[in-house]
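Comments concern the structure below.
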Amino acid sequence: MVTDPQQACFEAGIKFGSLYHQFAGTPLSPESAPSLERAMAEAIENQPFCEAVDVDIDEEALAEAADDHGYVELTGRFMEVQMRIVYEGVTVRTEMVMEDGYPLMQVVAVE
Amino acid sequence: MVTDPQQACFEAGIKFGSLYHQFAGTPLSPESAPSLERAMAEAIENQPFCEAVDVDIDEEALAEAADDHGYVELTGRFMEVQMRIVYEGVTVRTEMVMEDGYPLMQVVAVE
Amino acid sequence: MVTDPQQACFEAGIKFGSLYHQFAGTPLSPESAPSLERAMAEAIENQPFCEAVDVDIDEEALAEAADDHGYVELTGRFMEVQMRIVYEGVTVRTEMVMEDGYPLMQVVAVE
Amino acid sequence: MVTDPQQACFEAGIKFGSLYHQFAGTPLSPESAPSLERAMAEAIENQPFCEAVDVDIDEEALAEAADDHGYVELTGRFMEVQMRIVYEGVTVRTEMVMEDGYPLMQVVAVE
């Protein structure tokens, strides 16, 4: 058997994997960061049970990395993400932050 | 608080979203299907807690769709996927099958 | 030897392949179409020699296809793209349109 | 007007952009490198006018980068690529190598 909170966590994981691997590699500059933040959030919010997505590109890290060529390719080191998934009355809050050089996706709360 | 089974389900979801959105759109023909099946499985098995991935491309559906141009772009309608995730002693079995024209990712068992 | 017009055409091709395969598979609805159009254009405009990108998502085709589940995954059938690449004084104009069910990327002019 | 050599270079560029942005971000380890090399080559060879693709993942760079977590995400720094495109009797040879920390896609010969 799978409980509703377990199913809600599974759905939350799908959204994170989707967001990361759909957009990793996208050419990114300080000028294009705002449009990508918004498009990523709105794209993933289309998925079932996904109530809210917030993507925050780290402008300081980006500006430094883009200094040589004017742009970089998006990886986890340039963004923080927060999501809220609601499945059958269960709310799951998740976030992605950098830890030890790797993007760490984690469940913050199951309510 | 987040329980181990919930965390395991979250991890399982990440792998499914990753697999789907990393490889959706890949040019695919009957000739290249075996190498893509294998590469998809081995790529996602690199991710933490991912014990086994099996990707099965539907050769009949592919052959029919590729009839005109010799190839298609990978979408969920051409594949079935099974995964086993193990997190802190909890095993989660998941699968992706087509349902009503959409790829349905689901938890089969939490053990 | 490679001439400047040939190199310009090569650069134009890179941008098209990048745009298509970076964003194919993105969850897309009528509500999220405007932000994705803008993000795709601004992302690819970051690439070298890329002066202008215009992405136009076909709202009618999208609305019809998204009728069942509220969203679709982006493929070439939902968009038209125009680009202008400038390399060493050579301007290449390209576009992508649907033809016979496949997205056809073509050079419109080399000037 | 667009000449056959220009069109051939455009087609060559499409293949490079496709390969790079389809597979950038794929989880990659020394164990999974051979299957990904092969799948990338065979996938892009499906595209029109693409005669041959060779992908060579740099095992040394990969082993070093994957030392911490066991895997990395694919970027241009881990691979070299060679392609041969043939369009209307024109052969275009291209390659991708790292230069100054960025993947440089270039036309080697138009014959």
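First chain written, first letter: the chains are A, B, C and D, and each begins at residue 1.
Definition applied: a residue touches a chain if its C-beta (ideal position, glycine included) is under 8 Å from a C-beta of that chain, and two chains touch if they have at least 3 such contacts.
Model, not experiment: these values are computed from the prediction.
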item: Minimum number of chain-to-chain touching steps separating chain B from chain D; value: 1
item: Classification of the chain A:chain C interface as same or different, half of numbers criterion; value: same
item: Far-end chain from chain B, centres as C-alpha averages; value: C
item: Angle of the C-alpha superposing rotation, chain B to chain C, to the nearest 5 degrees; value: 180
item: Result of counting contacting C-beta pairs for C-D and A-D, higher pair; value: C-D
item: Centroid distance [mean C-alpha coordinates] between chain D and chain A, Å; value: 27
item: Centre-of-Cα separation between chain C and chain A, whole angstrom; value: 24
item: Inter-chain centre distance, chain C versus chain D - centres from mean C-alpha coordinates, in Å; value: 20
item: Per-residue overlap in chain C, given as positions that touch at least 2 other chains; value: 18, 20-22, 25
item: Category of the chain touch graph - line, ring, star, complete, other; value: complete
item: Chain D partner contacts - residues on chain A that touch it in the complex; value: 20-21, 24-25, 68-69, 73, 75, 100-102
item: Residues of chain B defined as touching chain D within the complex; value: 18, 22-23, 25-29, 31-32, 35-36, 38-40, 42-47, 70-71
item: Interfacial residue positions of chain D with respect to chain C in the complex; value: 1-3, 5-7, 9-22, 92, 94, 105, 107, 109-110
